[in-house]
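After the structure tokens below, expect a handful of questions from me.
Chain lettering (A, B, C, D and E) follows the sequence in which the chains are written, and residue indices restart at 1 in each chain.
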């Protein structure tokens, strides 16, 4: 469905992604594991069209992926960016509506909005509050909900559990599984490697901008090198 | 006398308000003071003049031509002077300097091509005035006031409730994320500048009819900036209220204190107001949560 | 000895009560955890302690001195430093300069007129600052990144820089707001080690907000649990892990580990 | 020809003095002013009145002018900075202040209103201007490369974090404003004694904005950049004389082009600032990094 | 043994850009035309004249720069500028350099006489009358011809010209037995005077004196009529001298009078105007071009008489100048003030949407 071939991404001179290739199959949860600065977010942003690869190519259903963010979204690929990036000057509700910007079905939008509020009940009390004044975790919830509002075909989730309480993390992962069950493909970057590998159909390990390892999630979970470097398991 | 002063002030305030709104509109999305706005108004005024006088079209046609022309100018202004800054996420100061350059460019362009002489509009609303409670108000002024109220109300509604309006506000905070949300940013910003340009066209033609068209008329927008700040930057109703307050205050000071010290009074008021309401009457500081 | 005492602290934002009649005490030399669901008011407590907000009511007493409602810079002077949940570095400055700025208040030995004329004392003092700043960077292992721009560091290192910058203020009470956010379990444990180390080295008292329970349980002597702005529970990590209210509101019934 | 070039240079350097002052304020605290011409005016009038009516020594008069401008800057700076006005609000407040100062100059007796003060003695010869300019640049550089400049940068970058570093925002901003006003005042004093005739209409908002333009075009957070920009801005209209009435059109165009092509300023973002700072930063990567 | 230059360079400090460029361009046109004529006839002292014109933007600092440049170019004298403020600033360069300039429409007395010492400035001359004279003309005209008893003044406090002229008018009007009922000011660039006009209206003046530039004056007249000030007569100074006044002010300007330096309808210059119109396809914008030509002719005459192009000698000759024929009549320069003597003032009236020559006016003391 999504195929990345040998892309190289730079920040000025900093070479952030080196010859990265990977593949995301429809209906799967594919995740990325990697230390701080490995390049996970960079890859996410590149897929979303925010950053441009200097070389290499990205295909979506066999066709080259557009490189303008709004066209990428129009293709059904939606990024929930790292560190939330909400519109601080809009209310929670307006943030959610922005998530559904390209959708025209008023009723569907309304329904989805209700769904999101059921998912994260605390949002219901905050619905008319400016997103900028929400607590960190509340913002993360809104960010995830905003991403879901576009009803994406592929959801790119960059550290969705950042700053969330344990209970809510459980919920988020449950939601990810729900979303998958509805047929959405998920590409996930997570520091919470335990959980993400557990639910992933396939996973890639990124180290200083390179893919060094890949395999089904469960397999990587048992890989000693992964355990030591990312799961904090000491042998 | 007092009543007449108030009415006079209201008439001036109406024009300030109209200009302040377009200025505030751009501020509300790009968060910078578009100092080129005055030059667009000025060119709008010339377009109106040439349509009416040189091409002899009827007033409504001239108005449409002016709005279209100013919109176009405003659009290109953005594309040439701001869009690359926007893409590099330059701080707002850079936009302002670019805007200043644009305004120097446009103003002197007029000097170089049309010349420094002043263009008087034909007397369309033939100096008619109506009398209310013993004070007279020009028909043109009345029209300007009503017109500003209506256009501002429509705009306000649009910004607050429409899908595009929300996107405009969203883009003002984080343009990268709006794109991720599927917004075609270039088109959206283009639209804002077209809207602001249309308002500039209206302001230009009103200013031209009320006074005249001349190269440095953009300075009047200084007053509009002040009005917008009094009202709170980025707030459209604020721009209206600010414009009218400023207009009335100026008239009162002129008549009852001293016309020469008028600006000292209005600026002192401005500063005092800001001390108590640092974001103007209706503006809000977005306190970034720590 | 009690270092910090929070007494009936309340903070309202319009209709929202972010912190409500909260009281607890922090004892010299301990690491106290502050946990609770998202939006419980943890960060707000930090903001109140450091003067970002003034309290609606209640008191904050630090070393016998009321600091509620004071300006942040005066509160820093009394010996409190913090890190931010959303990292706030001076992005365009180098890593080193970020730390030097923290040193500027206490360690500079020249006055404005001297600075204007740049007397030798100025250069000497600046050189001293640089050395000192490098020492502070060394503590978190960033000395080899000293001349990079702060915002080119990856997220995790930015957090460490924030800690080092806070240390440079020579606080006696350090407030850490989710220092392990965005770190994987391995990195979190490493960070926990670092926190313990600096605590001992500088004899600090630490107040720690964190959602990574491994870190909290590993480090904290005592924990305050907040919910809806109120105190839900207070106790040792063991007590807290068993507390049914906490399990229900925060950890989740399924919480079993450690 | 040298006579003329010298004249242009002298005026350019006088301008540099104000620009350097403004660079210290705007470039380093991030606040910008649209009223700095008022400080130049105050310096010019104070110095001119001192030598014209009271026959004060020229250098003393220059200092008086700087001091007076500094004091007046506190009048506007104290309340507005205390109230923590932000960017555009502060800018408009200073714009208003600048206009108000001009109105007052137009109405005072001692300034002879709009008719101005003619016949001020010409003391600002080329060497005098050159030396004063160098002194101001040196002092400004020292200011910026000390803790005072560093604190200002911190405030510009993130004032909340800066406060959390124990920095008093108000003091830092006011100090920078005061410094820049003193520079402007000295520049004004030199100007008055160069041109020998001053009128309120010489100190307009347009001039203030051109000063800010030089600072921004030169590069925020840099001293050398704005100096270069000020010199270039002085040279452009002279070089473009051949273009006749198109020269100001070209001038505006160039201004836009600089911003569009080099939004980080002529020499790039603070090329000089901390890098050379007492040899502190030797191999910084910041030299080329943009403000993106 | 320096080689003598092949031409005689005469400088021209003129506003070619900005708000005053309308007059500046006309000035330059007129000088170009006149110099061509002189050169055709063989020039002066056997040499051709070359005009070295630089734009001042009507700005003092620019003017100082270009003056230095002209001096570097070795001009022997300078024509212009047209603005008093600019002229005063220029003296700081011309005085030490000893190069004379002949201001065209700079009517402020301080241009040629140093206020503090009361001494005449060696290098500053002009071909126009001065504001005290103009103010007196306006005042006496109002008193005598318009039979005015009560006058109000609306002036621009940001303009030295306006402030000065207002003061001289007020003095003369009071001296002549009139009463000044209102002195109201606005600030430059402002265009709405309704509030202050309302105040003036209440005082019921016979005459409203508006010593401003044409734009402000036109607006003021228009708004005054709008406010129902139907009977008051409008009066102005040479700042009005632009056809824009009528286009802007429209019917409100009808019947207004103003004092000018020269008139398009002045019978003495009709031939010259014809030539100008032929060459440039438009009317010269009065009065700057004729004043500039007067200056040029005076300089040429001085060079001839001195039989030298040395600036000091030109100055000496200018000071002695008496009844030299120039475009607007005969020029005599007062050696004590460097102002022209007995330069007559012209009163023009707006009639049927045109400037009409009304009368030459001679003042009484």
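In this section, contacts are C-beta pairs under 8 Å (C-beta built on N, C-alpha and C of every residue); 3 or more make two chains touch, one makes a residue touch a chain.
For reference, the UniProt names are A, C = ATP-binding cassette domain-containing protein; B, D = Branched-chain amino acid ABC transporter permease.
What you see is a predicted model; the values in this text were computed from it and never measured.
**Student:** Which chains sit in contact with both members of the pair chain B and chain E?
**Tutor:** Of all the chains present, those in contact with both chain B and chain E are D.
**Student:** Using the touch definition up top, find the fewest steps from chain A to chain C.
**Tutor:** Minimal hop count between chain A and chain C: 1.
**Student:** Relative to chain B, which chain's C-alpha centre is the most remote?
**Tutor:** Result for the farthest chain: C.
**Student:** With chain centres taken as the means of their Cα atoms, state the distance from chain C to chain E in Å.
**Tutor:** Measuring from centre to centre gives 73 Å for this pair.
**Student:** In whole angstrom, how far does the Cα centroid of chain A sit from the Cα centroid of chain E?
**Tutor:** Chain centres of chain A and chain E, defined by C-alpha means, are spaced 75 Å apart.
**Student:** Could you grab the centroid distance between chain C and chain D? Build each centroid from C-alpha atoms only and quote it in angstrom.
**Tutor:** That gives a centre separation of 40 Å.
**Student:** Where the CA atoms of chain B average out and where those of chain C average out, how many Å apart are those spots?
**Tutor:** Each chain's C-alpha centroid was found; their separation is 47 Å.
**Student:** At which residue positions does chain C touch at least two other chains?
**Tutor:** 43, 52, 84-86, 88, 152
**Student:** Multi-chain contacts in chain A: which residues touch at least two other chains?
**Tutor:** Counting only residues that touch two or more other chains, chain A contributes 133-134.
**Student:** Would you give the residues of chain B that are in contact with at least 2 other chains, written as numbers and ranges?
**Tutor:** In chain B, the residues touching two or more other chains are 108, 111-112, 260, 263, 288-290.
**Student:** Can you tell me which positions in chain C touch chain D when the two form their complex?
**Tutor:** 50-52, 71-73, 76-77, 81-82, 84, 88-94, 96-97, 100-102, 104-105, 108, 110, 112, 115-118, 122-123, 126-127, 130, 147-149, 152, 165, 169
**Student:** Under the definition above, what is the set of chain A residues touching chain B in their complex?
**Tutor:** 48-50, 68-70, 72-74, 78-79, 81, 85, 87-90, 94-95, 97-99, 101-102, 130, 132-134, 146, 150
**Student:** Report the residues of chain C in contact with chain A in the complex, numbered from low to high.
**Tutor:** 13, 16, 35-43, 85-86, 152-157, 178, 181-189, 211, 213-214, 249-252, 254-255
**Student:** Could you please specify the touching residues of chain B with respect to chain D in the complex?
**Tutor:** 27, 32-33, 35, 80-81, 84-85, 88-94, 96-98, 100-109, 111-112, 222, 225-226, 229, 233, 260-261, 263-264, 266-268, 270-271, 274-276, 278-280, 285, 288, 290
**Student:** Can you list the residues on chain D that touch chain E in the complex?
**Tutor:** 1-4, 6-8, 11, 52, 102-103, 106-107, 113-116, 118-119, 122, 194-197, 199-202, 237-238, 241, 244-245, 247-248
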